Structure formats: C-alpha cells, structure tokens
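Letters A, B, C and D name the chains as they come in the text, with residue numbers starting at 1 for each one.
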Amino acid sequence: MGRKLKMGMIGGGPGAFIGSVHRMAANLDGEIELVCGVFSSDPKKSLQTGKSLHLDHERIYFDFESMIKKESILPVSRRMDFVSIVTPNHLHYKPAALALQYGFHVIMDKPMTFDLEEARKLKEIADESNKLFALTFTYTGYPMVKEARQLVQSKRLGKIRKVYVEYIQGWLSDPLEKGKHKQAEWRTDPKRAGEGGCVGDIGIHAANLAEYVSGRKIQEVCASLNSVVAGRKLDDDCTIMLKLENGITGSLICTQVAAGEENNLSIRVYGEKGGLEWRQEEPNTLIVKWEGKPKEELRVGWTYNSGVTLKNTRTPSGHPEGYLEAFANIYKNFSMAIQNQNRKKNIAYDFPDVNEGLRGMAFIRAAVKSSQAHQKWTAIKV
Amino acid sequence: MGRKLKMGMIGGGPGAFIGSVHRMAANLDGEIELVCGVFSSDPKKSLQTGKSLHLDHERIYFDFESMIKKESILPVSRRMDFVSIVTPNHLHYKPAALALQYGFHVIMDKPMTFDLEEARKLKEIADESNKLFALTFTYTGYPMVKEARQLVQSKRLGKIRKVYVEYIQGWLSDPLEKGKHKQAEWRTDPKRAGEGGCVGDIGIHAANLAEYVSGRKIQEVCASLNSVVAGRKLDDDCTIMLKLENGITGSLICTQVAAGEENNLSIRVYGEKGGLEWRQEEPNTLIVKWEGKPKEELRVGWTYNSGVTLKNTRTPSGHPEGYLEAFANIYKNFSMAIQNQNRKKNIAYDFPDVNEGLRGMAFIRAAVKSSQAHQKWTAIKV
Amino acid sequence: MGRKLKMGMIGGGPGAFIGSVHRMAANLDGEIELVCGVFSSDPKKSLQTGKSLHLDHERIYFDFESMIKKESILPVSRRMDFVSIVTPNHLHYKPAALALQYGFHVIMDKPMTFDLEEARKLKEIADESNKLFALTFTYTGYPMVKEARQLVQSKRLGKIRKVYVEYIQGWLSDPLEKGKHKQAEWRTDPKRAGEGGCVGDIGIHAANLAEYVSGRKIQEVCASLNSVVAGRKLDDDCTIMLKLENGITGSLICTQVAAGEENNLSIRVYGEKGGLEWRQEEPNTLIVKWEGKPKEELRVGWTYNSGVTLKNTRTPSGHPEGYLEAFANIYKNFSMAIQNQNRKKNIAYDFPDVNEGLRGMAFIRAAVKSSQAHQKWTAIKV
Amino acid sequence: MGRKLKMGMIGGGPGAFIGSVHRMAANLDGEIELVCGVFSSDPKKSLQTGKSLHLDHERIYFDFESMIKKESILPVSRRMDFVSIVTPNHLHYKPAALALQYGFHVIMDKPMTFDLEEARKLKEIADESNKLFALTFTYTGYPMVKEARQLVQSKRLGKIRKVYVEYIQGWLSDPLEKGKHKQAEWRTDPKRAGEGGCVGDIGIHAANLAEYVSGRKIQEVCASLNSVVAGRKLDDDCTIMLKLENGITGSLICTQVAAGEENNLSIRVYGEKGGLEWRQEEPNTLIVKWEGKPKEELRVGWTYNSGVTLKNTRTPSGHPEGYLEAFANIYKNFSMAIQNQNRKKNIAYDFPDVNEGLRGMAFIRAAVKSSQAHQKWTAIKV
C-alpha cells in the first residue's frame, strides 16, 4: 500500500455507540488516520470529542457542509481522502451526497438513507461520481460469513432450497425511549429512523446476510410487523416469509423485544446435500451438516478455508476474532479499493456498496407495505 | 402401585420404527407387560413379531377386531388392560374407537386420526367412555419441557410475548418414497397420511409443544406449505405465522427437507423479563436468558427443578435422559392414571389426551386451508 | 432370541440409587424378567421392595445364600438365569462367588470387589466356572464410546500419543456422610468402600474408559490422592499421571468435591493426525479434531457410524439416548451372550468382564500406593 | 487523556506472527502511534517493514542500540515514549534493559527473558528505573478473565480448592522445525527459546492465568516434560501437578502435539460453593456452576459484570470481542498508566508486569528441574 488514508467523520459524538466502533475499525490495521470531523450538532460537544481524539483544532468542524467544503480546498497531501458518516438515519443522505459531489469517497452506517426515495437518488449520485461508496453491513465482514458464501458457491451443498435468517435482540423490551436513552430514542422515532423500526435497524442486516450468503436476491416478502411495547410508533418485532430467486423459500425473523437476548443474528442455508449454520455470537465457527456424513465445524484461521476467507482473517486459528475485526474488514477492503483506485469490488476484498444499500431500503419498503396489507406478498423494487 | 398392567399392541411389525419405541417405553419402568398384539396385516409377520416378543401364541392376533373382542372376554386377571396403537394414520380411528367401546384404555401414536372429522368422532367416543386415552406427543414427556412450562406458569418471565418453535428434519430430502422406504412411503401418501405431510407428521408436535410450554392456545395460522421434492403430493416444508391467546405472536417452522438435519425440534418463549430455550437434541438443559442478569442453564435432575419436573425424572443430574425416557413418561403417567382409576390428569403426572389430539388435527386443517388460500389467516376450530 | 431370561437381584432396596438403574436397564429391551431378589439386609425392607416390584412373595428372600441355594434347586423353567449384584463394595465378593459356584451367571456393579485380593480370587472362580460374569462399567456401553474405540482402531487418528480422561463430580463437596445420606456414608467409609474413595468410586470408570477407547493398558501411575473435605478418611480428589502401553502418556483427573459439577466424565485421545473427544453429559456426539481439516461431530444413529456402534444404538439420529440406554447395552449384550451360550465376548456386543474388573482393582491399589509414596511411579499389577 | 503516545518497535519483521498482533493491539484505540522501529536484523527487511508501516525513513533503524540511543536524544515532542519488544526469547533482555536505562517504558512479549538469571537482573533494572514495564500475558486481558478473578475475590464461590488449567495446541504435531517454519524453528531451539519448549511457550501463559484468576501463587510443581516428536530437543508436552497457596491443589496440562487442536486454553476453578470455567476459544462467556443452583453463563458487555470487567470491554453484549481486543487491553492499560505517570497498577486497568514475568521464568525453571528429577516436587523460587 501507499501512504495512510486520511479519514473525516460525521457524527459519533458523546453518547453515540457506533461512532467509536467505526473509529476502532478504521484504526485497527494502521492504514487509516482520522484527520478531521464534525461529531455533533452541538459545537461544544463536537469540539470536546475532536480534542479527545487528538485532532487539530482547526480540523474540528461544526457542520458537515463546512467540513466538506473546507477540506476540499486543502492540499491533497493534507485533506481527507474519505468521509465516514455515522449519524442517525435522517442525516445520512445530505452529507453523503455532498461528499460525493465534492470528490470524497464515502463510508456510511446502515440503513443507507431515511427512505427509499433518498436511496434511489443517492445511488444515482454515487454512480455518477467516480468515487467509492461503502455501507457498513458489518456482518458480511466476518471471515466465516465469507466462507459460508464460498461454500454455497462451490455447489457442495447442492441446489439451495431454504434460507432461515434471524436477528433476535432484547434491548428494546422496555420502553427505553421514554427515558433518556439516546440510541432508543431516535431508533423508535419515525422522523429520524424512517418507516421501519426493527425492520430498518436490524431486519436489513438479516436480509443482506441472507442475500450475501445464498448469492440469491429476495424477490418477495410476506411480512408481519408488530409494535409489541405499548406506545411505540414503529415496529419492534417482525416475522417475514421470503421468496428468493431460483425457487428458494425462507423466513426472516427479527425482533428487539426478546428480553434476555443480546445480538443473536444467525443464518441457516440448506441445499439438497447439506446445510450450513452461522451464529454471530460465536462467529469463528461455520457449522456444516451433511446428509449421511458427519457434521463439520469449520473454524476461522485454518488453511482449509477459502482464499477469500483467509484474506479477511488476521490471526491464526484459535485466536478468536470478533465484531470489531469484521467491521475493520469493511474499512480495510474499502481502503484497499481506494488505494488501488479500483471502483469495482475485488471478489476477495469485497464490501457492501450503494447497491446493497438500495436493496436494504427497498426491503424495508416492501416489508412495511406487506404488513400494512395484512400479509400480502409484496415484491422488492429497487 | 398394584399389579403390573397388561398391554396389547396394534401395529409395530417388521420395518416399523415407532412400534419398538413404544415397547421400550412401556418396558422401562417394569410396570407394564406386553401380553398380546396384532403386529401386521400379514399374519406371518404378526406371528413372527409376536414370537420374537415372547408372547403366547394364542395371544398373537391377526386383526384388531378379533383381538379386542377376544381379549374383552378373557378373565380380568388375564386380559389386557389397555391397547397401544402404533399403525399409520389411516388405521388409527377404527381400532381406537373399538377398543374404547369394548372397555379398554387406549394409548396411540400421533396424529390422532386420518382427518379432523374422525378426530371429532373419536373425541366424542372417548368422552363418553369412562376409559383413558393418551396420545404420544412425545416431546412434552421430557422433564425439561415440563420445567419450561412450570417456568412460564411461575410468571418469572413476565407476560409472554413471543413463541418461536421449529422442527427441522432432513430425512425426506431425497424422494425415499420412490424406493422401498416404508416410513417414507406412507408418510408421503395422502391416502394413508391424511391431508398434511410434514405439517401432520412433525408440525403438530411443534404446535403441541408451543401450546404446552406457553400454556396458551394457537388461535390463528398464516401458513405456507410447500412440496420441495419433485413429485411429492403432500407438503414437506412449512412456514407458519402464529397468533396465540393473550396477544402472543410467533412462528412455527417445520421441514423434512433440510438435508443434514436430524430431529431438530426446539422452542423459544420470550416474556417481558426473559426468555427460555429448549432443544430436543440436547434435552437435559433448559436455557433461560434474563434481561440484565446472567443466562442460566437449568439441568435435569437437580432439586431446584419444579416438583413436576422431578416426578418425571429417573436419574440424578449428570446422568443424561433421552427420547425413550420422555416417551416412557407418557406410558408411566398413563399407567398411573389407570392404576388410580383417575380419569383426570394429575398435574404432576400429565400426559397428552384426546383434547390435544383433536387440537392437532384442527391445526393441520387450518394450516392446509391457509396455505391453499395463499397465506390467509385461518382460525383453528376443534 | 429364545425365551426371556430370568434375573435375581441382590441389593437395591430403599434409598439405593443404582439398584433401580439396574432394573430399568434390564427392563428396557423386554428380554429380561426380574423373578426374585434379596433387596436389603432388613427383611421388612426386602419384602417391601420385592412387593413393589411385583415379585411373588416366595421369591423375595432375606439373605443371598438362601436365594442362591433355593433358586438353584428350582426347575430350570422357573429358576433365575443370572443374578444382578448391586450392593456396596464390601458385599460384592461373597454373593458373586457363591452364585458362580451354584451355576448362575453374574452381573455386578463396580468396583468388582472390596480389595485386590478378593478380585484375584473372584477372577479365578469366574474363570473356573463356565458362567458369564459382567461388570457394569456403564460408560463403555455408550454407542459413541464404542465409536471412539473403533476410530482409534481404524488408525485414522494415526499413532496415539496422549490420553486425557477426567471424571469431575461435586456431590461430595459437603460432608454429606455426617448426615443420613446413605450413598455418601458407605462410599466414604473404608470398611465398606475399600481403600479407595473417589479413585475407587469414579477413578476406575475413568481408567476403564481410557483403556477401552485407546485400546491400550495403563502400565504405571503417579498419583496424588487428597482428602479435601475435613475429616474424610478416604480420598475425595485425585490427580494421576499415566503411562500406557506403546509409549502413550496421559493424565486422569477425578474429584468429587468440585462444587457445582454433576457427572462430568470426559475423554480426549490424540494421535499424530487428530484427536477425539467425548463427554458423558452430552453423550450422543463424538468430536473429532483433525490436523488441517474441519472438525467433525459424529452423531449417534447415522449409518456412517461403525457396525459395532450401530448394533448398540436403539433410535435413529436426533432421538437422544442416555445413561439408561448405555447401561441397558451392558445388560443386553450380557443377555445375548447367555442366550448364545457364548462365553467369549462378541466384538460387536461386548461388555466389561472379570478381567476389566480385576484391572480396576489393581488400578486402585497402584494409585493408593503411589500416593502414599509421595507420587512415586507405581506399576499396575493384576 | 493527553496526546497520543509514540511507540517504537523491536522485532516484528517479515515472517513474524506476534509483531503484527502487537501493532494491531496498539492501533485499536487510537491512543498510540508507531513512530520508529528496528524490525529485523537484516537491514533490508527492517527497511521494507518500516516502509510498509508508513514510517519516516530516518526512524527505521537497523539495530536496537542505535534506535534507543538516537531516540533518546530527540526532542520529547518527537521521540518515542515506549518501546515494544517482540523478538524471540534470547533477544529480550538486552533491548529491554537498555531501553529502561535510557528512560523508555517497555512492553514486551513473553516469556520475559531467555532464562531465570536474566529475569532476576531485569527485575532489578526495572525496579530501579522509574519506568513502566509490561509483559503481554495476553489472556489476562480478556474481560471475562477479569470477571473470573473478580468472582473469586468476591468469595461467592467460597474457599477455593481446585485449579485446573490447560493449554492444548496441535501446531507442533509434526516436526515443522525441519522445514522453513520460522515460528517452529526458534521455539524448538534451546539456544533461542531457553530451557523450556512447550512449558516456556504456553505453559507460562497457563500458570499466569491460574495465578491471576485464583489470586494465589503456585508454590510447588511436580512436572513431567516430554518430547513427543522425534528429534525435538525441548519439551513439546507437559503434565504438571500444582500446589498453590492456601492449600489449593491443581493441575496444569499443556501440549503442542495434540493434533487438531488450535489454541485451546481453559481454566476451571472450584470453591466450596461452586466453580467457574473459561475457555479462550469462546472467550466472551464465563460459565459458573453452582452447587444446588442453575448453572450460569455470564456474558461480556452486560452491566451485571464487575466494574473492572466493564472498564476492559469495548462493545455491548452480543458483539463478540476476541484475541486482539484482549491484547489491546494490555496496551491500553499500559498507555493509561504512562499517561497518568502512575507506576502502580490501577486495579481496574491492570496489566502484567515484571513481577509476573519473573514468576513465569521461575515456573519454567521449577518445572524443568522437577521433570529432570523424575517428578520430584519442586518449589518455585523467584
């Protein structure tokens, strides 16, 4: 690689969860340097966060327009190379669009935008720019998720028949949004989160995982979206039947009110000859069940894994990798693509882009519509 | 207890799977003696099986009518006390009805009958007789399933919100019925299995388990029933959304085409304060996840289990019990009820009866109708 | 098979644990009938137990000499075929010797005798008789333990290097023997248990398992035997280094004071190419770890298991078997050997015999001597 | 915190494993900047590595003396604050001693030195300097290891009785050192590794973990050290009995020839009321088994964990942390101590220091001597 890449950040001030995750992910490999940021709409908080991150005072900004415009006129050797956007959903589109238009690559947290309309516009802008756009659908960054995808593509499981994907959380079991819980507050507010609650926050991760591993797109959904906790305006619990390309059927279950659960994302894919299972909470194992042969557990770090998997692994077998390493893979692969001025995704160093982002928004839209129509099968239209 | 009970058997000849399971279950506690049987419609096979089971030749019968009638005129000290019916589904109703009418208690494999109509008639007959009727919904015989039910009833999980139940098998991944696979053959044949394939064979186990553990009845289903394997006439794969009493929602997934899976039945129930999880393939553990407290694993055989659970446990903790012990609990509790001339189920020694059997048949009907109506919500009517 | 075998029992009255286990194990397959017994040295208790087991009053005895002698003069068609001895250790030798001398086959709980000297005498008597002798080293009755042994013998793991075996219990963490805990009382009393406490109660299970799976004998031990609970006369905690035939080394850890543990027996065996692991508390899985290949989990009931394993399996995959089924395998295989008048063990239907019993006693002796000599390596001499 | 700390590195060139681990660990939190290094004794390789790490050419050195001396005369604002030493064992003492003497803090990979004598000298030097010294006994950096230690200290397990610690690897099953495997080569060479092979490479991790979690020191060992692979000069397989302070006994098993194993480090500690278990390969769970109460699984990231644990956790529950995060905790806590000019370890932000390092070397010595004396109990003398 050449020089370190310079990163600016939008969002990620005090009380944020995902901002510091993005920063650690960006730090891990020593190839990215945070050089500037606007961390909060409150100038004091932005300044405080920027200082704690050892930024030069003049590179701590108070609104994203200023940052993007000022950085764009700095000499190439100083100015940021890309911007990382980690704000709530309703504050995704504008900074992303502006950054692309001013010539910066963009990496952004999911879901891509506030609604499907914004997503379509952003896709156009990204396609027209010659800049890279990455979306942190974190879970496809895990080595054993990549191994799962490779296994499906190897056809060793035979023709795929079923996909079961689940994302079970419990953190919204109580009406935290009525307290001062910043994360709960905006995620349950239709004005900031968008039309999907649980489906938009975690359902799209599950949908993205299902498409990534199976290599097939979800075509139609039959969705039941619930608000379990009294007074909640958005869904916090979803059950969705799926039809994917190639005659695959499946189900997607996601909920945020399963008290006691952590971040229980899992996927199972079955073909004619066997099935695979991956669980995010123990992510270094890929279980493969074979018809008529012993069950296998593939473990991260062994040379029997696919080349793609090994290229996204940092430590030898038995040295567990986790969430931050998966997240860092997206940053690493995005950085490598920038360094290589390669707008196309290298299959071995892939990362989710504007197309996956758009599909996520279309998935939310279809699920919401299907549920409103009392579980009518609804096509996903990007 | 008094004397050993005497059992007759209908079905369970060569090539049968469940017949020998019933016999082992009946044997385990030394309280039941097999005294007679008709094991096959082929007299030779019936004789051969009867001999191998050490029966007196005159107690080996060649049709169920003869057996029931002849046994009924034997002296009480010799004649069978109850009959165990382990034939395919289309041969359930008649022998059961006749046995009850001739004054024998009946224990029978699931599903209760060929169709809902037969089930309703059998319920009437059973209710009118003063005889006991048990149905081997095996899985509620497991100690930790009983513990799960007790936990829900203790209200420690808070108000229940969600029920997820799954029954994932792979044994029908290939069209075994085209070979000489006896089990596959009748189970995929609408003339012998009834209107449900997978839903009737294993879906009803899952539905029964959901109702047993949650203590709430399934009211409506929105079902998608598939035939995945080409040429199969009945469903072999189902995804079903559930509405239960008290506002509980959930899902039931069952399939027999998930290649590589064994007999992967599991249930998860979530309340406001925590959730439980039980998996049949490792049945001696009940996982309880609490909001804000460490996850617990309750293990069979410890005195901290409920009294009900302990009364259905045979060995101390660390001495794993399995499928046959669960099955044997149904036989044991059924026997105890006979010995105690107690037609009502003792809560500690419960077993599934004609009501659960009827609910199972109504569940199959509702699922089939919902699926035929393209996932229309359909009420379960017994 | 021919007719049902008739069993007499010595021991197993009120308060006993293992007596009812033996009875359930004998019952399971419907090939053995309990016909007589002396269940306690207290005649009232013997009578009470015998009645509850539905025995004829004249076949309930009050001392083992009477039973053996009286049964021996009954007509062959009525008298017991074999005797099951389930008394505490100090009451093993005499009834076993007498039974063999009177022409009865014997099945007995472990350890074989009170001390090594008795064991040597019993072996002589057994060898001289033309009767079968079985010892319930239960754990080698598990199908997946047999699979483990077969795997080693297949040489797929390469030359074996290491054996780690553990048996971790917690039930003697507190001085239960000071209360009225019958099991704890005799097991901690040198006059009834013999010279070994924990090593004699569970250490020999571990040693037997190590030899069975590895196919190699333990030659020398370097043992540290502790009494952790104050005032306990026998060891309740042991750490033992092992040298086995063929240059294999290993360790055996057993303890009864690991508070919170159940019956945590496990074995790991490593060869040049991979290793196996089996855990009694989840006994239906055999884990195989391969150098450079995915880890495998072999599961009970699949046809890929060895013929030996399948012959000791009762249910299809996914229908878990447990402790009682393992125990019942010993009874089943012992019964088959009687039926076949086959004094040699059939490899597919093996069961532990007087030689394993003698090795167990020699193991206890060597461990006790090594520990008394401050961890001096001590040979096992049968 | 103040400004970012500046790090120099010694070792970690091409082919090294642990060097890049140290760098990622140092990077993660964005509080440390690599500014200089000597990465190989081969100047070309040092240069190549330094460039790939984006260092200024003038800060890439070719021997450690030059680096330490030249850095020491740079202005404070530019010069390195501490040095990270990641060379093979025989190259630990000299650079560490020199760095301390020139006023640099030191963080170093384990074992601390080539032999016990060097370790004693280094301890003196470190004690006399007013600089901080950290040793990367990685595994005590895991949050749930800290939770385990806190649990023991809370006395909830009662008086501790037993410690079982194991470190099972398979990577040296074959004689890799005869190929060009750099890691295997120096680790099996007494001139570079020191007197301990397996015991020095991983046994000391296990010993350190046992002391850290139990809070008690190992006083005596009875060790059997083997060379299993033919021609290997150092041990590759060890079984060690332990006596710890306060009457605790235990065992330590470590091996590098258990084919198929990865990095299987685990610890179990039992007290009068319960026991704990932690496994490095699934590090986010701490299992606690209670006498008479349900087993618990404590999971990382929940607020029920101790304050110490939470201060060493980066992500919410369900977002698994791994080996690099544990490693990074040592860097983070070491950095914080530097920033706070705090030579004493803060209990919440602890890290292993020169005392643990010295104990490790004394442990190796005692184990080697005990084994040479045919398993004679040998005291650990620092």
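Just so it is clear, a residue touches a chain if its C-beta (ideal position, glycine included) is under 8 Å from a C-beta of that chain, and two chains touch if they have at least 3 such contacts.
Note that the structure is a prediction, hence the values are computed from the model and not measured.
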More contacts between chains, B-D or A-D: A-D
Relative to chain A, chain with the most remote C-alpha centre: C
Where chain C and chain D are represented by their mean Cα positions, the distance between them in whole Å: 43
Euclidean distance of C-alpha centroids - chain A vs chain D, Å: 34
Where chain B and chain D are represented by their mean Cα positions, the distance between them in whole Å: 55
Junction residues of chain A - those touching two or more other chains: 261, 288, 295, 299
Complex contact set, residues of chain A against chain B: 157-158, 161-162, 164, 170, 173-174, 222, 224, 226, 228, 237, 239, 241, 249-251, 253, 255, 257-261, 268, 270-275, 288-291, 295, 374-375, 377
Contact footprint of chain D on chain A as seen in their complex: 1, 3-4, 17, 20-21, 23-24, 27-31, 34, 52-54, 169, 261-264, 280-284, 299, 301, 314-325
Chain B - residues contacting chain D, complex: 288, 292-299, 302-304
